[in-house]
Amino acid sequence: MTKSNLTRRGVLKTGAVAGAGVALPTIFTASSAAAYTNEPTGSSVTLGFNVPQTGPYADEGADELRAFELAVEHLNGGGDGGMMNTFSSKALKGNGILGKKVEYVTGDTQTKSDAARASAKSMIEKDGAVMISGGSSSGVAIAVQGLCQEAGVIFMAGLTHSNDTTGKDKKANGFRHFFNGYMSGAALAPVLANAYGTDRKAYHLTADYTWGWTQQESIAAATEALGWETVNNVLTPLAATDFSSYIAPVLNSGADVLVLNHYGGNMVNSLTNAVQFGLRDKIVNGKQFEIVVPLYSRLMARGAGENVKGILGSTNWHWSLQDEGSQAFVKSFGTKYGFPPSQAAHTCYVQTLLYADAVERAGTFNPCGVAEALEGYEFDGLGNGPTLYRAEDHQCFKDVLVVRGKENPTSEFDVLEVVEVTPRAQVEYAPDHPMFAGGNLGTCNPGA
Amino acid sequence: MDAIILQILNGLDKGSAYALIALGLTLIFGTLGVVNFAHGALFMIGAFCAVTLTKFMTWEVATGEVQKTAWGSEVPVTKPLFESWFGPEVGGALIDWSVPLAILFSIPIMIIIGFVMERGLIKHFYKRPHADQILVTFGLAIVLQEIIKAFYGANPIPTPAPAAFKGSFDFGAMLGFDPNVIIYPYWRMVYFAFAAVVIGAVFAFLQFTTFGMVVRAGMADRETVGLLGINIDKRFTIMFGLAAAVAGLAGVMYAPINSPNYHMGMDFLVLSFVVVVVGGMGSLPGAVAAGFLLGILESFASMNQIKSLLPGIDQIIIYLVAIIILLTRPRGLMGKKGVMED
Amino acid sequence: MGILEVKNVNKRFGGLQALGDVNLSVAENTCHAIIGPNGAGKSTLLNCFVGKLIPDTGSVMFDGQSVLGRTPHEINQMGISRVFQTPEIFGDLSVLENMMIPIFAKRDGAFRMHAIENMHNEKEIVEAAEQMLEEMNMADKRHMHSASMSRGDKRRLEIGMCLSQQPRLLLLDEPTAGMARADTNNTIDLLKQIKDERDITIAIIEHDMHVVFSLADRITVLAQGTPLVEDDPENIKGNPKVREAYLGEAA
Amino acid sequence: MLGLNKKDTTLLIIVAALTLLAPFILNPFPTESGLAQFNAGYPDLMQRFVIFGIFAIGFNILFGLTGYLSFGHAAFLGVGSYSAVWMFKLLSMNVIPAIILAVIISGLFAVLIGYVSLRRSGIYFSILTLAFAQMSFNLAYSVLTPITNGETGLQLTLEDPRVLGQSATADGSIPVTNLFGAEMRSTYEMAVGPWAFQFNMGYYLCAIIMLVSFYLAIRIFRSPFGMMLRAIKSNQTRMSYTGLNPRPYTLAAFVISGMYAGLAGGLMASMDPLAGAERMQWTASGEVVLMTILGGAGTLIGPVLGAGFIKYFENIFSKINDNILHGWFAFMPDGLEDFVVTILHPFIGKGWHLTLGILFMLVVIFLPGGLVEGGQRIARLFRGKKSDDKSDEATQSTPAE
């Protein structure tokens, strides 16, 4: 176990010894003595892992935290090294980052923008974290990304799927490895057209907040391009628990596909309700009625039980992938915790390694140096095939998985099966694509 | 027309859940004068009674064989506990029917929880200000939630209804509309019927038993009943147990509708308070009527025709209706004077 | 022309005729008692004077102005103070504070936003309150928590609070109900003293004949919502109708 | 002093001393020690302490004095935050206009909601306020997104006009909130031996505003108006039969407390220019109710203590993880260390809710008057038996203390 002693101000120690009880006015603006916010001067560096520990996404947060712990262990040379062995960059040597031992602090986002920012601030102000990562919703990711931009630390986003994170709310200090709504649409649409035909009428139920809207827009655009018709798009309240009154009119609308733009608890409930209504047993317009869940989370899909069987969706990563990197990660995660990691865990683990690697390559913890090292960086071996961190919007471009709820699961973790690995080229888009327009990356802020 | 019938059906079902929770809450409000913020937690525990029974029946016991998992470690092959006890057929059927079976299992558990809560905690707060009651029951609700979370995690847990109740019934075809226009799931019909039976049983109990008479008298005038030398303490305990059982039953049967999670109680808590108050403090029929009324109105508000006219109306309809009712009828639909007005 | 003129007041609750054609005139500076058996409509009538109820028909005039449709605080500001059957005081406040509030109300009207004004600068109010407590023989209790006093003291405080506003009409709703004999006598003495020393009109609803005959200058007997007789106390005692409707029953 | 009696002056001076010296008091443990985890003396949390203190003080003016339990006060906090952020977006990054607008807008909002809700009392009033706040929250999260930016929360961008300021700084970042040039985030650090103390500009602005708010609250509590409010709580019937109209009094109290909430919201946005819709959710309204009751409703200092208590647990306990526990108990033999960590595990990190829930129950069971009563009991203990009677009398004759 790492003994975390939460050193923040190694820099202060010298002054303190010299001053011996005398107040020494060292600085007047935030850490201006250092070259950048929270410059690590001691023998260790502190990372901040900000994940939901309470509230509906607590399990996802717990899984993210496991991945972070694993990543820190590997960075410090412990364990079997996981994906560090398969990573295309060999800058990481298992001796911490730039020779400094990696320590970490954790916090609770509560899946609320306010609480997440409070927690991130405390990591930056109190614990001297030089990078913040984690999170399980786009609202939180965007809020914390904004904070990190202002404070001058790097933000490595966790699970966030909204187009806005690297679209209109993109920030120079923020980086997203996870895929987004547009990519889901681009990957999913051809598979849907293949499986269900191009002459389909879709009825969308959409969570009534920004993530829901961007995903709905993306999916509708991608499916319409292939000939589908969008019959209706109904916004559902975030707080809704019973979706019966939204689902009941679906059949009457003439639609033969139901698209559920819901995540987490909303998704579990709306899918369960839809199956309860027997929608999938119906024949409409002479075709079998189908349900689609564009963004799957395996952890949450488990909550819907048998209802996910055969339902198509997309996901960032899945533990059943057979490439070398994924296998290495699943092995070391499974050995340590006894079960396979979730896509949230994968993203968080990868983001931590990517950050550490960028620091090594840049030779500094300075956010501007790190950002430069990450921008336009091509890498491989982290489970998603050859990947690019695009400089224009700090979005990762990589293969996207189309998955289906498994018919005969062998265990509670074996919920999804990979239907297709959509190649990166198919999900790429221009940085000024209308769905991502309106933002401004700004310039990197090192704080100080 | 068909859309309206459909939403009435939906509303009846939503209303059933609201009415059941509000019924228990108003029993506690009306008889004991306690603002119980832990009532949602009781509903949640009810749902987890179903989860627990299902989990127990499907407890994985080793068969002695070993298989290799995809992530590289070796695990023993298992099969559900009840199948290994009763054989695949009987065991399988029992597992399939675990939610209805959980009713039997949950009643005594919920009553015991109610008794313990009342004797151990609530009893000491009858004479304390409402503010203190809120604080202590809120604290209790958090503790109960966290205990459940410690055992079952934060994610929802699928708790399916028996296979016989899967799918939906085509009312449209029966009523002469086009097929598929008005469909309704069997399990939701069961839930509505169940709610009607429970509500009827509670009313009958209060109407036709001596115990019920005393309790109703106590709701109307607590002091007099106390003066009559009736041991009201014991009855309060029983009332609390009853209210807990009603909340628990509502939860058990709700489990297949939405997979239970540890915070489902909090989701319902605020709503059930609104229902109780709209119904009128201290009025059982009021709580039931308000539950169904709000359920149906909520369903109507989510109709596309109405939503396109008033965007976001389904987000606020319940609160809007609550405000209108409270402003036009000072004590809710059927409230009694002087209950919780200061 | 009395200070309080009640004309043709009717009030129904559903099918029940609570008040039927009540006519009543209370002369200034007298003590007028309204008596009657239980359910005769005494309290309903009183509630019509203070704005709690509005009669279906008829008029209630105080000093030439109608009180109907006005709220209780407006009617109080017109000069009518009311003492309740169970003493209504500010139980959470000290006795002195209780006494100060009506004096504030008299001076500042129904509402004044004196949110950051200092209590120390309200010397006149404190002095007036202290003086009133002195008159009520309660000066020694001024810092007591008023809820913890005896019922007799609460009644005394309530009457003092009403008097401190120098009302022109004091309404007393069974002021000795539920009191021990000694407290009742004290209250009678207090009321007599008030009547003698102040220019004040008193209207009293009472059950206890001892109280009524010790105080009243004029008595109205109410039965089934209608005035039966109005006369001087001596004549009421001998009136056979009253005996039948009320005293007979009481005996 | 300042029109306060001796006791209140002492209280104000103590509170002022505690707030101004908070950077020292809240950082009692040397930075390098294991217990540094319990230090709360960093700008963000200190700001939160005083801002939620203001919120709770204001709430207490309504609830503690009149007894009207509002379950929707967070709506005013949210409205204040949104107003302030809009001011930063449109006008300038100076906090003064933002705070002023926050107070005015939330005051107007409070007039509206208060006017309707105060037509009812008791639980009916609570539900009306709850309904208004929930409507605000639900709409802010969805339909009103153009104004509130929904789920993400309203934040500043490089494209904002800021007519009296600049859209972006020379180096291309969003300008920071300031008070006539003094940046809210600027922090002066002081090292004394192994300790490190942080003095933050924003914190001191909040602290001074909090002290002013606290002083005003004392004045209101002790004013004739305050007495009228207590009279309303005590007996509304007598109130109206004494010629006083309770409605404007309760409305005034409601609006004042709404403005306090708006002030807190405006300050929150000034410290961290983002306004999230969750600020208006019923859980946030419930939180200030809990703060007030926990600290001691109707007392002057109670709500501030309650606010500090809850925020401390939210921010400090949620950050303790197993790793840190192992660090603390490293001196123990391995088996015992693991055992102790296992025992404590459910109560820290993701279990901070559990700890808080248990503490709520313990406080309300054993200290019916809230934390203030705890303080009084301790004080009595110190004073010894001889002054026992006196202190009893003191608490009795000044129920608002």
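Going by the order they are written in, the chains are A, B, C and D; count residues from 1 in each one.
In the analysis below, a residue touches a chain if its C-beta (ideal position, glycine included) is under 8 Å from a C-beta of that chain, and two chains touch if they have at least 3 such contacts.
Quick caveat, the model's predicted, so the values are computed rather than measured.
Enquirer: Quick one: which pair of chains has the most contacts?
Expert: A-D
Enquirer: Go ahead and note the Å separation of the Cα centroids belonging to chain A and chain B.
Expert: From the centre of chain A to the centre of chain B is 35 Å.
Enquirer: So the centre of each chain is just the mean of its C-alpha atoms; given that, what is the distance between chain A and chain D in Å?
Expert: 33
Enquirer: Using the average of all C-alpha atoms in each chain as its centre, how far is it in Å between chain A and chain C?
Expert: Whole-Å distance between the two chain centres: 74.
Enquirer: Which integer distance in Å separates the CA centroid of chain B from that of chain C?
Expert: Whole-Å distance between the two chain centres: 51.
Enquirer: Out of chain C, which residues touch more than one other chain, so two or more?
Expert: none
Enquirer: Can you list every residue of chain A that touches 2 or more other chains, as numbers and ranges?
Expert: Residues 58, 62, 208, 235, 237, 239 of chain A each touch two or more of the other chains.
Enquirer: Mark out which residues of chain D touch at least two other chains, giving numbers and ranges.
Expert: In chain D, the residues touching two or more other chains are 138, 141-143, 353.
Enquirer: Which chains touch which?
Expert: A-B, A-D, B-D, C-D
Enquirer: If you look only at chain D, which of its residues touch chain C in the complex?
Expert: 3, 5, 216, 219-220, 222-228, 230-231, 233-235, 237-245, 248-249, 252, 256, 396-397, 399
Enquirer: Please output the residues of chain B touching chain A within their complex, sorted ascending.
Expert: The contact residues of chain B facing chain A are 2-3, 6-7, 9-11, 13-14, 17, 69-73, 149, 153-160, 166-168, 180-181, 183-185, 187-188, 256-259, 261, 263-264, 267-268, 298-299, 302-304, 307, 311-312, 314-315.
Enquirer: Going by the contact rule at the top, pick out the chain A residues touching chain B in the complex.
Expert: Residues 55-60, 62, 208, 232, 234-237, 239, 241-242, 244-246, 248-249, 251-252, 265, 268-269, 272-273, 276-278, 281-282, 284, 299-300, 302-307, 319-320, 330-331, 333-335, 338-340, 411, 414 of chain A touch chain B in their complex.
Enquirer: Using the touch definition from the top, list the residues of chain B that touch chain D in their complex.
Expert: 35, 121, 124, 128, 130-132, 134-136, 138-143, 145-147, 150, 270, 273-274, 277-278, 281, 311-312, 315-316, 318-320, 322-323, 326-327, 330-332, 340-342
Enquirer: Quick check: in the complex, which residue numbers of chain D touch chain A?
Expert: 31-32, 34, 36-37, 39, 42-45, 48, 138, 141-143, 145, 149-153, 155-159, 168, 171-174, 176, 183, 185-196, 198, 272, 274, 276, 278-279, 314-315, 318-319, 321, 323-324, 326-327, 330, 349-350, 352-353
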